[in-house]
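Okay, so subunit A shows up in both of these, paired with subunit B first and subunit C after.
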Partner chain A sequence: MGKTLFEKIWESHIVVEKQNNPTLIYIDRHLVHEVTSPQAFDGLRQNNRKVRRPDLTIATMDHNVPTTDRSLPILDQTSSVQIKTLEKNCKDFGIKLFDINSPNQGIVHVIGPQLGITLPGTTIVCGDSHTSTHGAFGALALGIGTSDVEHVLASQTMWLEKPKPFEIRVEGKRKNPHAVTAKDIVLSIIKNIGTSGGTGTVIEYRGEGITDLSMEQRMTICNMSIEAGARAGLIAPDEKTFDYLRNREYTPKNYESLVDSWKDHLKTDSDAKFEKEFILHIDDIAPQVSWGTNPGMTCDVTDSVPSPDEFSNGDPNQKRGAEKALDYMALAPGTLIEDIKIDRVFIGSCTNARLEDLIEASKVIKGQKISPYVKAMVVPGSQMVKKQAEEMGLDKIFIDANFEWREAGCSMCLGMNPDILSPGERCASTSNRNFEGRQGTGGRTHLVSPVMAAAAAIHGHFVDVRKMDLS
Partner chain B sequence: MKGNIIKYARDNIDTDVIIPGTYLKIHDYAELATHAMEGLDPDFHSKVKEGDFILSGKNFGCGSSREHAPIALSHSGIKAVLALSFARIFYRNSVDGAFLLPIEIGQDAYDGISEGDEISIDVSTNEIKNITKNQTYKMKPFSELIGKIIAAGGLFKYKPDQD
Partner chain C sequence: MESFKKVTSIVTPLDKVNVDTDQIIPKQFLKLVQKSGFGKFLFFNWRYDEQENEKSDFVLNNPNYKNSQILVAGDNFGCGSSREHAVWALLDYGFSVIIAPSFADIFFSNCFKNGVLPITLDQKLVEKLLQETGVIEVDLENQIIKTPSDEISFEIDSYQKKILLEGLDDISLTFQYEDKILEFEKQSKVPSVL
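The block that comes next holds the complex of A and B.
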């Protein structure tokens, strides 16, 4: 029987495999940031261990860096300590660091691909759940906790149980690909399979609806695999993948011969079997807006807020969950999504802060002003994205519309730096999680695509971007 | 192992409500513990006692990979979380540092156990006893790797050739 792409990558990274035992897997790339690493480095010191492969370990600071003027000191002392601690740890252990003033600084999942550090067929880990992003390049990319970060720093390996392969086929063609985006595809998937629909699996996204996407759009899809509970998301590499990674700063010297080997090997065999399957038809899907407090609580922009009764399904927790979510979100069932007014707009995060995201959002904004009732910001995913956007004049388009144009970082996606919602504020956000308090205590998050967020900023409420000319 | 139950009758308790992002800069675990569950239940810190268990629904610990989540619960005194299912990063993080036991339960235990009930857990027999109500339930056995890490006393003590 043939093998899935996941099984091929898994098998080529086995270090130890014994009957009735977990498997020790070799890790090709380890990405490190300031929040989940300090205790791991402390553990190495306490046990007199070194970093086994500093050459395969790359660090940056993204989670709590300020996104305002970088020439000013960091006011939050605890953030400052965490940032300085990463600097010291990288120096002590010989790890390459893109620090706060580096032109390569940015969200770890944005800089990995754009520097050519993320490669097809590799295993990648990072102490961050959105590591699944790198799966867009056909890499097996896993989010891990701090103990495993320490284990990988010390040994370049990790104990794992083999996840099950899960095929999600995305079929058909979007009628308006500027209005209905990769974000809407992945939110539709999570809406259908649920936030634990992928638990214990590695999802491989396949089909015309996936191969049609650009690399940056594929990253948006794989990024949110974790929101469906999956261990990782994968897309088989193709010419788009190989083109994207060619001539990047860290692209290997023997790149073309690597491409030749990837072409033959890195695909699911036609007779391979998946343990689970789901098909999404995208011909007629609408832009998505989350209404609740997890990413599965999502509906079409043309829908109204659902009633908790629709979720009873014989499971009282589902109904109770919807009731609690509506209470937290201060939404009444039956309210049209397009009638929901917003206070804030956040265009950013590892889900949607790449150059294409900013280009698409700028088309909505160009020549317009945001609603006087809305505060809006763009936080580019990396300093390189910011520079490229500025070279195209996108910063001017956003600033002229009264958006704030910030420095790169995770920012308002998770509320670790000063970029947070105030209690009760409602935000149209291009990030990945609408959990209670995620963007600040009492803050209310609606997950949307960059074009939907941009349109909401202009109108002060959600609008169906399919009605706009975005070509 | 014996303890009393704090029940959250809902699914999808995420690690952002277990320990909100703003506290991930705290390195002192005792201080971190004072903010455990703050996003969901501001009274948690005042009511939790050493040795308590949390009981909840499906997909417990979903979202962020922050190990601070089981650490904050553990340093609050929580020895085990009983849930209908767990998100996998949380499940692993709970045992890597021997912070707490993630116990997968069935619907009978979820429905049968109430807030405040005294429970005993025996992982050698996979049995949960509700001392308050004199009921017994089966827990799902630990997954292979999780069981081995627990038996070793944490990730860094686990060696495959011990088997």
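The block that comes next holds the complex of A and C.
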């Protein structure tokens, strides 16, 4: 029987395999950031251990860096300690660090691909659940906890129960690909399979609806695999993948011979079997807006907020969850999504802060002003994205519309730096999680695509971007 | 890591589904650079109001559950962020057993690295435990939960069970396979980053 792409990568990374045990797999790339690594480095010190392969490890600071003027000192003392701790750890253990002043600094999942560090067929880990992003390149990319960060630093391996392969086929063609985006595809998937629909699996996204997407759009899809509960998400590499990684700063010297070895091998065999399947038809899908407190609580922009009964399909636990979510979000069932007024707009995060995201959002903004009732910001995913956007004049478009234009980082996706919502504020956000308090205690998050966020900024409420000319 | 002993305690019922790690330990507490001291921030936004006074309607603030070591919760517990701080906070607060119908993968794996036992049980059994007011005993060795009226057996991966019972450090375990790792590295064609 044939093998899935996931199984091929898995099998080529087995170091130790025993019955009734997890498998020891080799890790080709380890990405490190300031929040989930200090305790891991401490563990190494306590046990007199070194980093086994500093040459396969890179670090950056993204989670709690300020996105304001970088020449100013960091006011938050605890953030400052964590940033200095990473600097010291990288120095002590010989790890390459893209620090706050590096032109390569940025969200770890944005810079990995941009620098050519992410490669097809490899195993990639990072102490961050959105590591699944790198799966867009046909890598097995896993988010891990701090104990595993320490384990990988020490041994370049980790123990893992073999996940099951899950096929998600995205069929059809979007009628308006500028208005209905990769974000809407992945939110639709999560809306359908639920936030635990992917638990214990590695999703492979397949079909015309996926191969049609650019690399940056594919990253948006794989990024949110974790929101469906999956261990990872991946997409078979093709010419778009190989082109994207060519001639990047850290693209390997023998890249073309690597591409030759990947071409015929890194795909699911026609007779391979998946343990689970789901098909999404995208011909008629609408832009998506989340209404609740997890990414599965999402509906079409043309819908109204569902009642807990409608949402839960008779499951009393889900019903209570929905009631609580509506209470937290201060929304009544039946409210039209387009009638929901917003206070803030955040365009950023490892889900949607790449150059294409900013280009698409700028088309909505160009020549317009945001609503006087809205505060809006753009936080590019990396300093490289920021620079490229500025070279194209996108910064001016946003600034002229009264958006704030910031330095790179995770920012208000999780609000570890000063960029947070105030209690009760409602935000249209291009990030990945609408959990209670995620963007600030008491803050209310609606997940949307960059074009939907941009349109909401102008109108002060959600609007269906299919009605706009975005070509 | 300390070895896992039998746990005898009343249960704290947290009757919610999809409890994410952002709720277990909110972001503002992820800036510590050590593993201890997170217990006081556990479920912070559910436990305290804006003036940081205890919210009386939250289960952890009910004095009946003060010394409980067993948390029982709904489906998909620990979803979202990979932050191991969530497990450190639960453990530091006093919970060493979490029972739910299902767990998110990364959280589940993080538990074992810290001597916390996550038990997956059928929804109906979890619902019964949510109502249980008596003291229960969790016996990992025999994979049995004893309640005042019942004995419930549970499944656990034999490798994870051994890790917990013996309090093993999995990095030391892995170092026993040093020769295999070296062998793998010799044949690997993946280039260095730098």
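One rule holds in what follows: the second predicted complex is superposed on the first by the 469 of 471 C-alpha atoms of A that agree within 3 Å, B and C clash if a C-alpha of one lies under 4 Å from a C-alpha of the other, contacts with A are read in each partner's own complex, and residues count from 1 in each chain.
Criterion: a residue touches a chain if its C-beta (ideal position, glycine included) is under 8 Å from a C-beta of that chain, and two chains touch if they have at least 3 such contacts.
Everything quoted here is computed from the prediction, not taken from an experiment.
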Just from the overlay, do subunit B and subunit C fit on subunit A, or is there a clash? clash
Going by the contact rule set out at the top, does A:P22 touch subunit B (first), subunit C (second), both, or neither? both
Looking only at contacts as defined up top, I'd like to know whether subunit B or subunit C touches more of subunit A. C
By the touch definition at the top of the document, which applies to A:R344: first (subunit B), second (subunit C), both, or neither? neither
Tell me the contact category for A:K386 with respect to subunit B and subunit C: first, second, both or neither. neither
Should A:G437 be classified as contacting the first partner (subunit B), the second (subunit C), both, or neither? both
Contacts for A:P252 in the overlay, against subunit B (first) and subunit C (second): which applies, first, second, both or neither? second
Give one of first, second, both or neither to describe whether A:R206 is in contact with subunit B, with subunit C, with both, or with none. neither
Look at A:G229 in the shared chain and tell me whether it touches subunit B only, subunit C only, both, or neither; answer first, second, both or neither. both
Do subunit B and subunit C land on any of the same subunit A residues, and which? 16, 20-22, 24, 35-36, 38-39, 47, 63-64, 76, 78-79, 81-82, 127-129, 143-148, 150-151, 159, 161, 195-196, 199-200, 226-227, 229, 231, 294, 317-318, 320-321, 324, 414-416, 433, 435-438, 441
Going by the contact rule at the top, pick out the subunit B residues touching subunit A in the complex. 9-12, 14, 16-17, 20-22, 24-27, 39-40, 57-59, 62-67, 85, 87-89, 92-93, 96-97, 143-145, 148-149, 154-156, 158, 160, 163
Within the complex, which stretch of subunit A touches subunit C? 15-16, 20-22, 24, 26, 28-29, 35-36, 38-39, 42, 47, 49, 52-53, 55-58, 63-64, 76, 78-79, 81-82, 85, 96, 117, 119, 122, 127-129, 143-148, 150-151, 154-157, 159, 161, 163, 195-196, 199-200, 226-227, 229, 231, 250, 252-254, 258, 261, 294, 317-318, 320-321, 324, 414-416, 423, 433, 435-438, 441-442
The residues of subunit A that touch subunit B in their complex are 16, 18, 20-22, 24, 35-36, 38-39, 43, 47, 63-64, 76, 78-79, 81-82, 127-129, 143-148, 150-151, 159-161, 195-196, 199-200, 226-227, 229, 231, 294, 317-318, 320-321, 324, 414-416, 420, 433, 435-438, 441
Using the touch definition from the top, list the residues of subunit C that touch subunit A in their complex. 15-18, 20, 22-23, 26-28, 30-35, 45, 50, 74-76, 79-85, 87, 102, 104-106, 109-110, 113-114, 157-159, 170-171, 174-175, 177, 180-181, 184-185, 188-194
